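After this come two complexes, each holding chain A, first together with chain B and then together with chain C.
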Partner chain A sequence: MKEVVVHPERCVGCMQCMAACASAHSRSKNLFLASLETPRPRARVHVGVGLYNEGFPNRCRHCDPAPCLLACLPGAISRNAEKNTVFIDPNRCINCASCAMACPFGVIRYHEDFTAPPGKTVAVKCDNCYERQLAGLIPACVEVCKSGALSFEEKADAMKRKTDEVARTVSAGVAQVDLAPGFTLLNAIKRQQIELAR
Partner chain B sequence: MEREANLNYVIIGNGVAGIHAAETLRQLDPNGTITMISDEVFPPYCRPMISMVLEGAVPPEKLPIRSSSFYEEFKIEPVLGNRVSAVDVDNRAVSVNGKVYPYDKLLIATGADPRRIKAEGLELKNIFFMRTETHVRQILATLPTVRKALVLGGGLVGFKASYGLLRRGIQVTMLIRSGYPLSMQVDSEAGRMVWDELKAHGLDVRIGVEATAFEGKDSVTKAHLSDGTLLPCDMVVIGKGVFPARGLVPKEKIKVDAGIVVDEHMETSAPGVFAAGDVAESIDIARKSPWVNAIWPEAVAQGRIAGMNMAGRRTAYKGSLSRNVIRIFGMDVMTAGLITPPEAEGFDILKVADSRAKTYRKMVFKGDRLVGMVMVNAIEQGGVLMSLIQSETPIRAPREALLKPCFNFKQLMQM
Partner chain C sequence: MNDKYSSSTITEDGRLLLKKMEREGVESVWDRFQAQLPNCGYCEMGLSCRICVMGPCRIDPFGEGPQRGVCGADADIMVARNLGRMIAAGAASHSDHGRDLVEVLGKVAVNEAPGYQLRDVEKLKRVAAEFGITADGKKPNQIAAELSDAMAEEYGTRKKELTLVKRAPAKRQEIWRKLGVAPRGIDRETSEMMHRTHMGVDNDWKSLLLHGIRNSLSDGWGGSMIATEVSDILFGTPKPGVTKVNAGVLKKDQVNIIVHGHNPVVSEMLLHACQDPDLLKMAKDKGANGINLAGVCCTGNELLMRAGIPMAGNHLTTELVLATGAVDMMVVDYQCIMPSLGTVAACYHTKMVSTSDKARFPGMEHQEFHPENAAAKAKTLVKDAIANFDRRGEVFIPVESVECMGGFSVEAIVGALGGTPKPLIDAIAAGKIRGAVGIVGCNNPRIKQDYGHVTLTQRLIENDILVVDTGCASVATAKAGFKQSKALEKAGPGLKEVCGALGVPPVLHVGSCVDNVRILVLASALANALGVDISDLPIAGAAPEWYSEKAATIGVYFVASGVYTVLGPMPPITGSMNIVKLLTEGLNDAVGATFAVEADPEKAAVLIRTHIEGKRKKLGLPHMQV
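On to the complex of A and B.
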């Protein structure tokens, strides 16, 4: 299953993901019309700054077990195993902010939303663009991110890439793009073996 | 591994601790017999939500957090409507209503009872507690005839009762013995802010006063206060805190302190007897001493841990931590851990208040660990701080960063 992976070191802080997210979670799904809607659609991904003012796209990690799910008083939070997504039901939410205390990443916000009963403030967070995914689209934040700070891929692939990146800092040849096709199949260990044999 | 015989699990209390324990047990042991004894007959419900039913924000039918088929679904035998008066530790049995239920593993998840007060005239009508769904139904039934209410206690429940009644358009006077509202939850600065907010919305708060006697013919009409005032009122809600419902425990067999003392496996001093939720006393992470943290998320966590250990999966509980979030009119207050530490014990306190933005933040550090915090408004990042306290993570980022409005998770990451 593909998931959104955040690469904070690549974030340039342009906040385009926020605009795309707000628009994807609007009634009209259109950036310009969305800005005219009431309640005003808001982003569920939050670009903040680190200690050195570097950008940081913060979004729900859809933890398992999810602390917010266990803390929610009326049982408004649930997990969809198939899409590995934690949902908040705006109809059940009582806006008690127990989830704000439970979320170790600080990604839940409280405001009105078009999916909630009119005039009611509810807890809102990332839903992995569930509706877009059902329609065959990828999450809006990933689609719009130009710097590669957000990707939508298999977790194992992302891990492998990260491992290779780290490995490259110690061993130059790891997982570089090779000239001859098929050559990339040789992983670091095999290469080392060849090198040692020489 | 096949078990020789099915185990008999008995759970006393169908509150949130009890139901999470039962669900965990069923998940880990499909064959054991689970009996759940409780005096409340209503389906498992969200206790904190009763104050919202009082307020009128939520209809009573939204209270249940499990479906009516919960007991069947999890193959639990419910024994409802009666209170267990004693646990027979020697014979490993619990009796209720003349029937004896033997147990191999017992969970006491009896929660807490409202603290009673001493005053004359308490037998009068229209004097209530607010702990159960039944209490709120009773309060609601009298509302049409009520114009002036008196709420005793400035704790969480007294406070929620006042808020609910106020929202129903009833005049409320709140009596608080300590110096400011929510004194168990917040520090004096945040307490003042809460007080100001309450006053601004028409609540009459009286500090340092108690009720000594109630008068009335059939139902209450007047209250005598400790400062000599005679206050007319047609309803009283007692919200003077709760105490663990541990009356059924034989003290010579099971160690009790304020609550039932449990170890890291939620097991009491009697082997095979466990306790969880508002009735249990565990190690407090911030205080490093035994403490009863009677809050919902701890009841859930403890219920789950108790269930795992009862089913034979040894799982340790890290300890409990007090925490609360309170929304009052337009104001949000969040607190966690140790917020007013004893002086001269090596705690560092950092505070920042912004009167224009109506925000306030206070962090309590011990060495390089955060042990407590108070936030007024802008509480969205509170969970990050909460988890720092809970996980006892050494803080390497500059401490002042935690106080800033732009504080976020990234600022704690080492790059």
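On to the complex of A and C.
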């Protein structure tokens, strides 16, 4: 089964995943029209700011066992084994915030959503683009990420790739390969600026 | 003091006012900067392209995602196109500012600009002669009319080269001609850049960058140079004078009017209106002890240079000064005026007025100034400011102002030297002064306000390097007390001796950001006196806190004129290491100078000192190991 894998070292902080996520979870599924909808669709992936102003796409890990699921008293949170996805049922959610308190990653938000009863604030988080997957599409955040910070692949493939990457860096006589020297240069300057301000 | 304020600015007035703004829930430029983080890496690297609607496109810097835009442009082309348009925008801004001054000159010539006059007729004649206009028997108005026409033609000229290119040393002009980058028309080069960067035109990144050089030269030796010269003719060539800087220049008991922007056309008329006896009486009747005109940003520099008007602050101070609650009116023209100012002003009693037909802002009253109505309009505005005086709430003026000497036009510097650059050359040759550095540019919330300017300046003057500065850099060092005779204590022994003998501070305020051309003229004068090229001189440029497109253009015309230039913030070019390499190494073969990027001003100082000593060695002057 394919899953979303995050590669933080490749995040360039463009936040396109956020816009794509909000649009994918709208009535219209169209970025422009989505921006006009009520309730306004919101992203379920959140790009955070690191110590050196670098981006990091923070999304639900769909933990197993999931602390949010265990903490949910009305039983609004469930696991879909087929897609390894933790779902929140907006009809059952009582907006008590227990799940957010239990979540170690801070990925649960509370707001209105077009799938919930009108006017009701509910817990909202990543659903691995379940609907899109049923339609044969990959998750919206992965589709829109052009720097490879988000991929949709078999976990085993991702691990193998990472293992090989690490193995290549320790091959005898091979110098460290810089995949994007320009990005490294830019980050070095930014890091210096931030350290100077501190 | 809370760390957050200290990491935003090194200035005491800035820290105190920022704290006040936060307490009062007023959003600042630093808040908005934080809200933008993380910045988009594609945009920061120059790897996003919005030029056509087959896109928008972006290129994956890691090499796995898309490597070309829809049109086929690779990273080199994309970065070059984006940089080219940045240069074009910067050149357009300063050169269009120049055009506005040429228009005023033309109106003054036919007496259609009441209140304006030809303050420096000698300079008018001198500049006119450069344009082939003879003065014999003509009245100044006639010369002004002819000069204004000749300058207007430079914008759309069909000549081979702009007239003022002749001011550069002959060797430099030859380099430009050989490279094919001598600018042909001010508007032409900007217009051609927009054309070349349209989809499917110039797709050789090197040729695009060469045109970038030509475009920047059309500003540095064209539009900007015209702006400075005409400003001198209309408002007087600056002479050294003493004034005050920082937010402490605002007066609790007076009507405070702040001018903000870049073009002296509006602010000069306000200056006259503030001295009008009727209006002064009106202010007195309102209970104010006078009318205090102060500046921020480069309009402030224009007035500081020529009339010794006090300066309240630079770019990142423009919101903060409003939080004093003491500003009765802020009058803006154009460039670098944050659209947030109207919102900040709404939290206090400040009345905001925009004046240019091409620059409007939310939350500001628009009172359009034209040469025909400027004098009358200025009086109306001052009246409105006086009327606003008693609407003030609590006033907080955080610090005492600092003394500052300004007004160092090239004419004034040469004058201080006794009419010839020779004493300066002798001091450099003897090694008392190792060299000179132009520190220019803005503030940028990426960098602790003024830290880059002040640290670099300190390191240079203590090593006997003369600093000339402009724009927001010049305000930064003025606030830090580098522009007073006391500052000689901070200078090395040689620089202290020479500046002490001349009665000037170790850091010379040469004007607003458009006045960077004064540095080009001064460098040319030194090079010509020695019979060498600008790139042979022990000089350098630096923009430690730059943010704007104008600054990018200035950087390029500095380097293209042969001045090694160190930038603080990285321009959006790292998406193409070919272009990074060309700008930081390759340009040396083409124009005898390069860029360097160094975020740490301590290290930038070492780079610059190494460069200067290297040039001294090549000139056969005493040199040392840095």
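Keep in mind that, in the parts below, the second predicted complex is superposed on the first by the 171 of 198 C-alpha atoms of A that agree within 3 Å, B and C clash if a C-alpha of one lies under 4 Å from a C-alpha of the other, contacts with A are read in each partner's own complex, and residues count from 1 in each chain.
Please note the rule applied: a contact is a pair of C-beta atoms (placed from the backbone, for glycine too) under 8 Å apart; a residue touches a chain by one contact, two chains touch by 3 or more.
The shown structure was predicted, so the numbers you read here are calculated from the model rather than taken from an experiment.
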item	value
Partner chain in contact with A:139 - chain B first, chain C second, else both or neither	neither
Chain B versus chain C as contact partner of A:148, first or second or both or neither	second
Chain B versus chain C as contact partner of A:90, first or second or both or neither	neither
Which superposed partner A:49 touches (first chain B, second chain C, both, neither)	both
Contacts of A:70 with chain B and chain C, given as first, second, both or neither	first
Which superposed partner A:104 touches (first chain B, second chain C, both, neither)	first
Partner chain(s) touched by A:8 [first = chain B, second = chain C, both, neither]	first
Intersection of the chain A residues that touch chain B with those that touch chain C	49-50, 54
Touching residues (chain side chain B, partner chain A) in the complex	46, 48-49, 52, 57-58, 62, 65, 296-297, 300-301, 304, 323-325, 327, 332, 334, 336, 379-384, 386-387, 397-398, 401, 406, 408-411, 413, 415
Contact footprint of chain B on chain A as seen in their complex	8-9, 46, 48-51, 54, 56, 58, 67, 70-71, 73-75, 92, 94-106, 108-110
Residue ranges of chain C touching chain A (in the complex, touch as defined)	7-8, 37-45, 58-66, 446-448, 451, 568-570, 574-577, 580, 597, 599-600
Of all residues in chain A, those that touch chain C in their complex	10-15, 47, 49-50, 53-55, 145-148, 179-183, 185-186, 189-190, 192-193, 196-198
